[in-house]
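First subunit A sits with subunit B, and in the next complex the same chain sits with subunit C.
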Partner chain A sequence: MNKFWCLLFLAVPVLGVAAFAWAPGAGYWLPRDISDHGWQIDHLFYFVLTLTGAVFVATELALFWFAWKYDGRTNTQPVRFTHGSHDVEVLWTLAPAATLVFIAIYQMNAWADVKMRQPDVPVLAEVTARQFEWRIRYPGADGRFDTLDDVHVVNDLHVPVDRDILITLKSQDVLHSFFLPNLRIKQDAVPGMKIPVWFRARDVGEFDLVCAELCGWGHYKMKGRLTVQSASAFEQWLAETAAAQEATQEPEVEESE
Partner chain B sequence: MSSPAVPHPHAGAAAAAPAMPVAKFLATYVFSRDHKVIGLQFLFSTLLWFIVGGLLALAVRWQLAFPWQGMPIVGRLLFSAEGNQISPEFYTMLFTMHATVMIFFVIIPILAGAFGNFLIPLMIGADDMAFPTLNMLSYWVMWPAFVLMTISFFVPGGASAAGWTGYPPLSVTHGAAPASHAGQTLWVLALVFVGISSMMGSVNYMTTIIQMRAPGMTMFRLPMTIWGMFITAVLQAFALPVLTAALFMQLLDRTVRTGFFIPEGLVINNEGVAAGGGQPLLWQHLFWFYSHPAVYIMILPAMGMVSDIISCFARKPLFGYKPMVYSICGIAGLGFIVWGHHMFMSGMNPALGAMFMVSTIMIALPSAVRHSTGWPRCGAARSSSRRPCCLPCPSYRCSSSVGCPGFSWRPRRSTFSSTIPISSWRTSTMCCSAAPPSACSAASISGFPRCSAA
Partner chain C sequence: MCPSDAGERRRIALEGRRRRAATCCALLWLAAAAGCGGLSAPQFRLNMEDIIRETPDKDPDEFRITGREREQVRQGLLEEMRREKDPQKIEQLEANFGAALDAGTEEVLKLKRDKIKKLKILNTALVALFGTPDEPYVFPESGLDIKKIRLAAGPAQTVNSNVRRGLYRQHCVHCHGVSGDGAGPTAMFLNPYPRDYRQGKFKFKSTEFAAKPTDADLLHTLTEGIPGTAMPSFKLLPLDEREALVEYVKYLSMRGEVELAMARYLFVDEEDLELSRSTLVEFLSESAESWSAAAEHVVRPQTQPAHVAATDPAEKARLLAESIERGRKLFAGEKAACVKCHGPTGLGDSEDKLYDDWNKDKDPEKFGAEAATWVLPRQQLRPRNLRLGIYRGGRRPLDLFRRIYTGIYGGPMPGAGPSPGREATLSEEEIWSVVDYIRSLPYEGQVAVPPPRQLTQRSRQSGSLP
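And now, the complex of A and B:
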């Protein structure tokens, strides 16, 4: 094959690796992880990225080298026919098989932590998605939902830091997806279902809460804010919001059901 | 290589054009039963839609590159009321229809319809397809789909804007999306016709490949292209009925307000929805039960072509032909039990998610055998090619090992792709790796006859 084309194919692994080397510094990388479980997900990402990156670069270099070395115009050796090698085929079937079995088992724990091992704590808040906002309800002073002192807010989720947070996720109209990139949490909100979501935040601050499932024309602007704060600040905010709601003599947001 | 019943289209046109009566012209070029003519009909129809889909993508790209800026010429024609800007409603329609057109009107019919029809009889030594009339119908049943989809752009509310996956309740409930009136119904109907066409085609391909091979052409001597087409036909025949049934259910939900996919107590735009008792996840299961195998429908024929073209121009037999055949059979079998990996975050039972994770990891194995092994080794042969038709193949290999299949992708996808914000990266990688096979197919038209003769 033409040397120009060989070099062009060589550019694929070179530019591919370069892009990955450049991206983290330029800000095109994973958002800051502030969750307790997120390191497992990030670790799996880096592990598999390294593994597949190495396989990718190796096969691309092989492709380049074969195309470069066995150029039909310069290579005068006659063509030799091979009909495969049983040993080699067994080897390159078993090696990936073993690796894949390892990955399958290795990642189970992360999955279980995120989706299966629900913490035994009371529900902090109920999040109801609708076109195109997040309606959030706290149980109020009596600690029970569906009572008069429920605290209602829109697009403004507050949670205390360093505590297991359990949220019930609902949808009022179409599918939405509750996405907290900094907490490595994503869960679709399905109408007709109540889905539990849990996490534990390590750092205080303000973070994004976005919709990650096409939910109509306004999907792009379905954004909320997650405020992680100390336990005392959280209690104070909740009390202030409840008082403000009480002062207006009617819920800040009317229940539409 | 030749078909005795009908002359080659070009030769025929040159020789008989002046005296050809209309009826004969129609029988030869329009309602033709010749597999080569039907293949060309599929090819040019899909290339036409390829342009439409590409233009839709360009508009998406315009919005991404210059958010909220007016489009130069098209904007003035289409949305002068909005200051030439693409509105959010129009934008959702753009990417929905881009995906719909590219998947259902381009990739699937160009690989199965165009290349399948043209190549299968030639490469297995048959006179024509097993059912020529059915073959003709499989092309003409595409036309209602073409027409319905075209009309849907011009109905009030515009074409479908519920995503190419058409997830209910967004796609089903009126008022949830701007185009959720006639546009979405036309979308469903068009896909039903596409399904019927693919069904006719796949029955034909399977019968032809099993029954009409020339003497001596055993299954394990078939070119990889034909193996790809064969497995594609099997996948279509067994997965498509599920999608067609689901489309009918969505159609009933939309028109006579059944509640297959609509749960109790839905409130859209502050109005209650009457139907209820259904489950939105049911659609996702049915849809992906087809659309996951459809991923292989979109790629196996192209993989087969790449295998044949590389081995032809490297002047070597395919390295590990049988393992490759077994691996695509494995992909086809496992392809039916991995659909849930499109639904990890959908709210289905996490234990089920764990099961799909394992099956998805399993399917990486045949994909890896297929990709990382056979082709580069085959390339190790003397590569004499300076012909342009061979170039797309290594480039396809490059892009496919970057993006879609096999070892490099599966594990990454299975656990956490949905948890970390790479979904747009994933979508564009998928498109980038879907494009080269089509480009490869298109670019190697000239190379193919030589390849099959070699």
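And now, the complex of A and C:
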């Protein structure tokens, strides 16, 4: 094979590794983690990235080496065929299988934390995804849903900081996915299902809430805002929103945003 | 070829190469020209369909340039030949066919030329008053803010990394269309159809029945979306971008109204439009004045529901229960007659032959073949199901009060408050009671749903299936 092509193939692992070395510094990396459990997800991500990265680089280097060494134009030896090696077959079957089983067991705790160990707290809000917005409902002062004092908002999810948050996720039409990048939470919203989602946020601030499942032509505009705030600020916001919803007169001062 | 021709051969080869290079250049130029052609600026579409639907007794072709005139004349001549029995006459007709076709077409076109001229005048007047989608323009008399409109108009692009332009085409156009006709590419898949702004009618607003919405009303719709329809919330767009879009909606609406008024004047009243500034402004001001007067027509209830003022919780609950009961009676009674459409159970299932103003003229039986050309076929309107807790115009008691007080403009929902030439059917107090009743409907019996964890525990304890 032409040396040019060999070097071009070599560029794949070199550029691949270079891209990963460059990305974090340039801001193309995981978004800031503000959750309690997020480190587990990130740890698994780095673990799998290192593992697959090492295998990727090794495979690519081997490819390059074979292509370089056995260049058809310089190699005068006739091609030898082999019917394979039993030992090598066993090795490259068992090694990936063992790796996969290891990952499956290794991640169980992270999975259970995110999907199975639901905190024993009342549901804070019900989020209903629909084409193309997030309709959010809080139980209101009586703490119960489906009563007159439910508080309705759209695209504007507020939660208190440092508290176990339990949310019920629903969909009104098609598949959507409730994605909080900063909380390492991603859960599909499935029509006809009520799916519990929980997390705990450590930092206050405003973060993205986006749809991570192509749900139709307006998928790109299905963006909401997550506001993590102190418990008192959250209670105040909820009370103000509830009061505004009961208005029987136009508010004196037009709300400014 | 002998060797002495080598120089000649080189010359020919060089020329060949030059010719090929020239061909390549020409092809590239053609491709570039074609590419530019594909990106030609979008134009506002003339709204003739409203005029056609308003005058079902007239031939729809009277209002547009069809390009079918020659074919129609040809069909007429062929029909004449078919009817003719005398072979000599047929022969004569055949011989004269070409000349007769030319003469007939010319005659039809002569009649048509007047219409074509009027269409051109209409188009010129509208471009003079409002510009084009890429280069919008407004007269100061319109009261519109051209800066905001320029932000919303034109192709979607980001300038200086943070100023976004072409907002309408980025967020709205695929449903509401370039001309604001509510017939963008995605419109036909939606129920209800997106709003056609060109009639200047808006359903959900704080103002009296036929008054225009205020800027705050349009901003509210844009910010909160319209639950129960395909209109999503644009809450996360910065306020200045939303305000620019509100201004652009007003611009499209005003343009549509002026266009309709001019088209009626030209084609229905068959008058001649003089292309002078004063005439144009005359048409413009009628619409512009109604828009600028919107804020004067906001409905503000003079009274409050009794239970809102009460401070003692027990008293509050008693008054609310009383009000709901009074509202229930009114809802079912003759005076308010809500049940006529919304049904005795509030499911909105009593009346199924309802249409809003955008659909009521679209009677396929009346228009036949013309109806097949409509991008958006007639769509029925369902009275609201009041048990879903979905309120398109807002869920505040104040919003519901306004819906009942003024009715829904452009739809069959009548207003219970007073309007010019009509007495109020309900007093303010009675309207508040109906509001209380409607708000209680989705929660009748107040069924509480416990959180999932409790449900599992309880069902495990009682031994029933999870």
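Going forward, the second predicted complex is superposed on the first by the 239 of 257 C-alpha atoms of A that agree within 3 Å, B and C clash if a C-alpha of one lies under 4 Å from a C-alpha of the other, contacts with A are read in each partner's own complex, and residues count from 1 in each chain.
Note that in this section a residue touches a chain if its C-beta (ideal position, glycine included) is under 8 Å from a C-beta of that chain, and two chains touch if they have at least 3 such contacts.
Computed from a predicted structure; not experimentally measured.
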Contacts of A:Ile41 with subunit B and subunit C, given as first, second, both or neither: first
Partner chain in contact with A:Gly205 - subunit B first, subunit C second, else both or neither: neither
First, second, both or neither for A:Pro24, with subunit B first and subunit C second: neither
Touched partner set for A:Gln131, first subunit B, second subunit C, both or neither: both
Subunit B versus subunit C as contact partner of A:Val55, first or second or both or neither: first
Broader residue contact with subunit A after superposition on the shared chain, subunit B or subunit C: B
First (subunit B), second (subunit C), both or neither touched by A:Arg225: second
Which superposed partner A:Val12 touches (first subunit B, second subunit C, both, neither): first
Partner chain(s) touched by A:Gln245 [first = subunit B, second = subunit C, both, neither]: second
Subunit A positions touched by subunit B in one structure and by subunit C in the second: 131, 217-218, 257
Subunit A contact footprint on subunit B (complex, rising order): 87-89, 91-92, 161-163, 167, 169-170, 173, 176-178, 263-270, 279-281, 315-317, 319-323, 345-347, 350-351, 353-354, 357-358, 361-362, 364-365, 368-369, 371-373, 375-376, 379-386, 390-391, 394-395, 397-399, 401-402, 407-412, 414-416, 418-421, 423
Interfacial residue positions of subunit C with respect to subunit A in the complex: 171, 174, 186, 206, 216, 224-225, 227, 230, 232-236, 239, 298, 300-301, 304-305, 308, 395-398, 401, 432, 439-440, 442-443, 446-449, 451-453
Subunit C-facing residues of subunit A, complex: 118, 120, 122-123, 131-133, 135, 144-148, 152, 154-156, 166, 168, 194, 196, 217-218, 221-225, 244-250, 254, 257
Residues of subunit A touching subunit B in the complex: 1-2, 5, 9, 12, 16, 30-31, 41-42, 44-45, 48-49, 51-52, 55-56, 59-60, 62-63, 66-67, 70-73, 75, 77, 79, 81-84, 89, 92-93, 96-97, 100-101, 103-104, 107-108, 110-112, 114-116, 130-131, 172-175, 177, 179, 181, 184-193, 195, 212-220, 256-257
